[in-house]
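Lettered A, B, C, D and E in written order, each chain numbered from 1.
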Amino acid sequence: MQKIGVFVCHCGTNIAGTVDVKAVAEALSHEPGVVFAADYPYMCSESGQNLIKDAIREHGLTGVVICSCSPRMHETTFRKAAASAGLNSYMVEIANIREQCSWIHKDMKTATEKAVILGRAAIAKVALNTPLTASETPVTKRALVIGGGIAGIQTALDIADAGFEVDIVEKEPTIGGKMAQIDKTFPTLDCAACILTPKMVDCAQNEKIHIYAYSEVESVKGFVGNFTVGIKKKARYVDETKCTGCGLCTEKCPMKKTPNLFNLGLDTRSAIYIPFAQAVPKVATIDADYCNMLKNGRCGVCSKVCTAGAIDYHQQDEHIEEKYGAIVVATGFNPIKLDNFDEYAYAQSPDVVTSLELERLMNAAGPNGGTLLRPSDKTHPHTIVFVQCVGSRDTSGCGKPYCSKICCMYTAKHAMLIRDKYPDTEVYVFYIDVRTPGKNFDEFYRRAVEEYGVHYIKGMVGKVMPQKNGKLLVRASDLLAGEQLKIEADMVVLAAAIEPDKTARSLATMLTASMDTNDFFTEAHPKLRPVESPTAGIFLSGVCQGPKDIPETVAQASAAAAKVIGLLVKDKLKSNPCIAHANETLCNGCSSCERVCPYGAITYVDKEFRMPDRTTKIRRVASVNAAVCQGCGACTVACPSGAMDLSGFSNQQIMAEVDAICR
Amino acid sequence: MQEAMKKRAKELLASGEVTRVIGWKKNEFDYDITPAVFESAEEIDRDFRYDDFCGPNLSKFTFKNQKNDTKTLVFLKPCDTYSMTQLITEHRVNRDALYLIGIPCFGKIDIEKIRADGTDGILSIASEGADVTVKTLYGDKTYVKADVMAERCLACKSKYHTIYDELMGEEGEVMETGRFNEVEKLEAMTPDERFGFWRGELSRCIRCNACRNACPACTCESCVFDNPDTGISQKAAADSFEENMFHIIRAFHVAGRCTDCGECSRVCPQHIPLHLLNRKFIRDIDKLYGEYQAGEEVGQRSPLVNFTTDDAEPDIVRKGGK
Amino acid sequence: MVRISLDSVNALFAAIAEREALYIPTDTAPGIAQFKKWQSGMEMTERLKTSRSAKDFFFPQTENLVDFKVSGKKIDIIDPREETEDFVIFGVRACDAKSFEILDRVFLSEPVDTYYQNRRAHGTIVTLACSRPSESCFCQTFGIDPAAPGGDVSAWKREGFLYLEPITEKGRTLLSGLSALLEECPEDAVEAEKESIRGILKKLPLASLTPDAFGGGKTEKYFDSEKWKSLSEACLGCGTCTFVCPTCQCYDIRDFDTGHGVRRFRCWDSCMYSDFTKMASGNPRLTQKERFRQRFMHKLVYYPENNDGIFGCVGCGRCVEKCPISMNIVKVMKTLGEDET
Amino acid sequence: MLTNREKEQILISSGVDVRKCMRCGKCTGTCPAYDEMEYHPHEFVYMVEKGEIEKLMNSSSIYKCLTCFACVERCPRGVEPAKIIEAVRLAVIRKQGNNHIKAEDIPCMAEDDDTPGQLVVSAFRKYKK
Amino acid sequence: MPISEFKPKIVAFCCNWCSYAGADLAGTNRLNYPADVKIIRVPCSCRVNPIFILRAFQRGADGVILCGCHPGDCHYTTGNYYTRRRMTLLFSMLDYLGIEKERTRVEWVSAAEGAKFAAVMQDFVKTVTELGENKRLEDRRCKKP
């Protein structure tokens, strides 16, 4: 038998001014199940709360309805009060008779009538409430960072700094990512390696950080606080623990014609290699596609020269399983493939390069030792044309619909550096818009124009035609001058759009983290939760979430780390008990609910059921992970059989409210 | 075709490849067809039947009579394959325990159309080519097959089989036969006319649940209308509201999953054109969210559990912008 | 014996409708005839059978039993019944007419169902002989003669005339009030019609079906028969057969919360439904096979056992026509009956 | 907002959404007939948007377009300037009367040695359906 | 009943995060809208089952409005996208059955749009008042005697 108590708050005159609170209490006292009804000037005051507590104890109330301000205001207050009097805190319902009644109606009679109806609805609901308890799950105090670029490095360092174990999984032989390939950074023009490599070393030396380089995530199971991740350590054919990184093997290796991927294939290296001098871990790796020993068993030079005995031609991929409490995605980006842009002759001429290739060409550790030379004939270029928005802001289907954000600034940087070092070189930048929102960004761009004399031309390059004389004829429009320009250039640099790394899509599936149509990870809330994925326990760092420059990436990386730390300091996770649950006897196992769940909280299990004729049958039924479910209720409507229901907002409860309102 | 099917079924039984065969058998009259499980060559020889009266969709029958520990051969007409595919997508049948044979269909005859013509006392009925010959107590009659074919067959959406292990006869194609004409006609009416139309139709409903129980999409362990805990269970439509409620919610629950097999209308003892409700949803989905045919392939994502960020707003209905 | 030209039958209907409500079978959709309250201009159907039986008139699909008015914590009990008007059902077939007797044995035996009794007392039944029986008809199996259809008044159609013969006092009262429209006539035409009908009956495909293998005392013989399994395997568990059946009389009593009270009503139930007679302990009939068996055992064995050997089926053939998977009492009788021979 | 009937007509007959243009000028940058033209592809798009149809119709530029579709091919926003030009040309022809080329006229024109090859190719593109 | 006296019953389902907060804001700003609107709080608009909407009509509601976060702003990321499809199809079906399409509505109201909330409710109540009593989806048993 229900024993419901109704408490009507005056809120001074806020409610009592337009609602006859005494009449409301009197009317609601006659509702079925109500055994106590009272009004009081301020229910949320200590004495008001005591009134509630006393009534709960005295009348043995099974449910409490408070007619007061919005539940968004004091729901927690009243729930705590109920709990302290021994009533389950979820046996409290609030009728919002202030914001949604007294404050919007002027007529006492109308407002009082409405308040009674709202009270009735709350009574009808509370009569169907069930005591709920938040479930608790332990937290594995270890984080995984997927991707070892600047985003991953910063996140890992910050997490480790707070005293938690953190692992980095990097698919390349070294951490460092794209930033390691960059020459200088805008707008300060300091050397990227000089600021990045110390952080890489910090990672290597931090005892809380473990780096799985040349490794990939294979599987992810579990949920927030309790992930189990399968990691594949790809065979390097070099024992990491023995290799000292002396580099002797790379010198002696006879296979010198291997494309140097670190330099984007602009030069070559040996089949056994260390990507670059400051690589972390500084360990050699054998490129199995080029190594003669691995291909046909003839060679073995590296093994012979290695004093540490680190070479192991029989090494196999290693599969590891680790447990984590939180996962940070920092998978980064790549410039897009330019196959769709024949007009820029990228495939025809080696002198048409992408901006990232230009970084390598200008880098001291690059193919030309830092001197800018045309890739085709190694001569000094005297005219360089930069093309902006190659594949960015492109809705024609060839490129990407979004702005890649970083190109305007790095092009200004390139133009400035070239003009600075080679004043005899004319630099043209064709742009659609120059976008420079950022600290000191616009000043930087203006310096390129005003101090360095870079020719910025509003218009686009329509076609690049390699000439017989080795030059590149660039045809472009100058929209402001209203003319079509034909420039004979020595080099053309394309600001190729950036896109999320190809591995991100499959990773998102493993993580049940959602992605947008461009394969950027979606954040839990675009404004208020920008570094969390909607899937609890999955955090986002860097360009995997959207185009960003280095300072923004680092800021987000630290933010993600802060979120991870906030999660890992907890011993147990308490979850909202207002979550979905499946009635297994009704569940069809049809997967409709799983498909609408934004959190991947629903999984299926095969269960044995006793059939009416006493036989047993194995059926596939849904199971909701209480730690992951956030209680939106999408599944309850997707479920045709009504097997899914939501605690705290059950079908019965909502229909009871509907009934009470329409009565 | 019938003989070939019998032969193949017997072969598969004999080889032990399958232990059960799901097909059709003749009942009291020529047009009376009952889905059945055959477990021996004798049963097949005696009762197996496949002709222009074999309307029942064997997918639902297979769902109800599935066995996991043994392999069952199921003969599927093109439209039955869509239902079967959908059932597999929803994990409602175990594909591994089924051996599916696609068979051609040339349109099924609707005996109710012949009866509605006033033909009664039917002693025998035969369909050959374009002619349907009926012998009755009160004289013989010949119909052109197209005139007495079921509505769903006249507007056949596909002669293509979406799933099978083996195909008998030639593979057909997806067709464009104006199955939405009736829906469009209704859409063109005024709301009052539509209301009148549907009241007239739905008021005949006797809530026998034949539509639901025959529907291959309605395979819920327990239907919301049978489960007293849902608060909306009904045993009879005690008010016109409940007639609407049942049919709207039933159509909504199968929306995006309904393959438009037409069983609901076939089995309705009161001749309510229930398929027009389902087709409305199919039509809206096609128009608003892109062409979608449930049961086309295993693992499809129904439009109701899917979205794009630039979907039409619900306003579109109020503004009549469709 | 009186008659009226079929051309004037509308005048007859108008005259009846002037005094009491008149219901006639009329076409409501292609292939569907239903009993409807007669209004001027309404035509009688040419079809043999209405899709639903005539039992609705006495035992409607839903019927309010009692209302509880709830105000706050107070509950009042209200009898929702209103004065029932007299009514005439015209064109009932012999099978349906016979079904009322079967229902009477259930509802009018102690304790009397006053709701049913009240409706029964107010209704007058005018039957109509079946000039063109259908292949699904097997009323003769249960000793029903569609040539002499019974009811309060029996009627025949022949050669442009409608012939009427009162059977009961109620029938005589009805016809006496209509004498101005009717002319006395000899019985030759009706006798000829009867002969014609009986001639056709012999040729019906189900003419040889007999119920001899069934009746009271056969429970043990059939209850555990192996054949139920294959008979029931295709059964969808829908209620079509039950709801078109003129003799099915099971109902469920339910409460509907109207928001301001509770309405207790009864509605037809079907033994084919999985929740039929479900109790706190569960359902006594666990699978569709058992539910299927219940329906036919009830009609062919249990009912006759409790009702002087009268079968609970009138052979109207509606279930034969309407079953979505074409499984019916004829098939059951033939299959189980094989054991007998 | 500048609107007029002719603009609507051009938008409908070309099927082009001029508002998608982001003023990058790639169409003009790529146009092989640039030097011949008074108004250039991006200007066509912009002028149609502004409703300055009259000026375009009176300009010889519309006949200088080779219909090579380079602009359509290169446009990153899918605006299709060549279709706009075609639509303006059609609008002019409509005003003049029905004296435009029919598909069946093309084969004999192709035989004429004086006909520029580009014209024939364009005609095939245009009438390929 | 003359239109002037007719007071419609309106059920408004509001998602907890945006629209319910928007309704609160309307209150905080003392923006008046008719008392005929009664709000039911749900966690997300995607919690609203079509059954609830029909239930409201059955029980005597004359209009049902569903408010949620703007598409893209859902607290649960994607909930309102499903709502949008479900309700579009449901409303279209009701219209197909000849039930007045003006009686149902979906509006996206953010937590900051108190003024919009009040305006939407005023407009909706006006529309439903003009339509009059719900007859086509009523359940006669639920009418007050």
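To be clear about the criterion, a contact is a pair of C-beta atoms (placed from the backbone, for glycine too) under 8 Å apart; a residue touches a chain by one contact, two chains touch by 3 or more.
In this text, all values refer to a predicted model and were calculated from it rather than measured experimentally.
Between chain C and chain E, the least number of touch steps comes to 1.
Graph distance from chain A to chain C, where chains that touch are one step apart, equals 1.
Averaging C-alpha coordinates per chain and comparing to chain B, the farthest chain turns out to be D.
Seen from the Cα centre of chain C, the chain whose own Cα centre is farthest off is D.
For the pairs A-D and B-E, the count of C-beta pairs in contact is higher at B-E.
Work out the mean CA point of chain B and of chain E, and you get 36 Å between them.
For the pair chain B and chain C, the distance between mean C-alpha positions equals 30 Å.
Inter-chain centre distance (chain C to chain D, centres taken as mean C-alpha positions): 78 Å.
With centres set at the average Cα position, the gap from chain A to chain B is 45 Å. Across the assembly, chain E contributes 50-51, 55, 59-60, 72, 78, 82, 86, 141-142 as residues in contact with two or more other chains.
For chain A, the set of residues touching two or more other chains reads 596, 638, 651, 655, 659, 662-663.
Those residues of chain D in touch with two or more other chains do not exist in this structure.
Chain pairs that touch one another are A-B, A-C, A-D, A-E, B-C, B-E, C-E. Only residues 70, 72-73, 257, 259-260, 274, 282-283, 286-287 of chain C touch chain A when the two sit together in their complex.
Every residue of chain A that touches chain B in the complex is listed here, in rising order: 585-592, 595-596, 604, 618-620, 638, 640-643, 651-652, 655. Partner chain C is touched in their complex by these residues of chain B: 27-29, 32-37, 56, 60-61, 65, 112-113, 115-116, 118, 120-123, 136-138, 200-201, 204, 206-210, 212-214, 226, 235-238, 266-267, 269-271.
Within the complex, the chain E residues that touch chain B are 50-51, 54-55, 57-58, 71-72, 78, 81-82, 84-102, 105-106, 136-141.
Interface residues of chain B facing chain A in the complex, by the touch rule stated above, are 68, 89-92, 219-224, 227, 229-231, 253-254, 301-302, 304-306.
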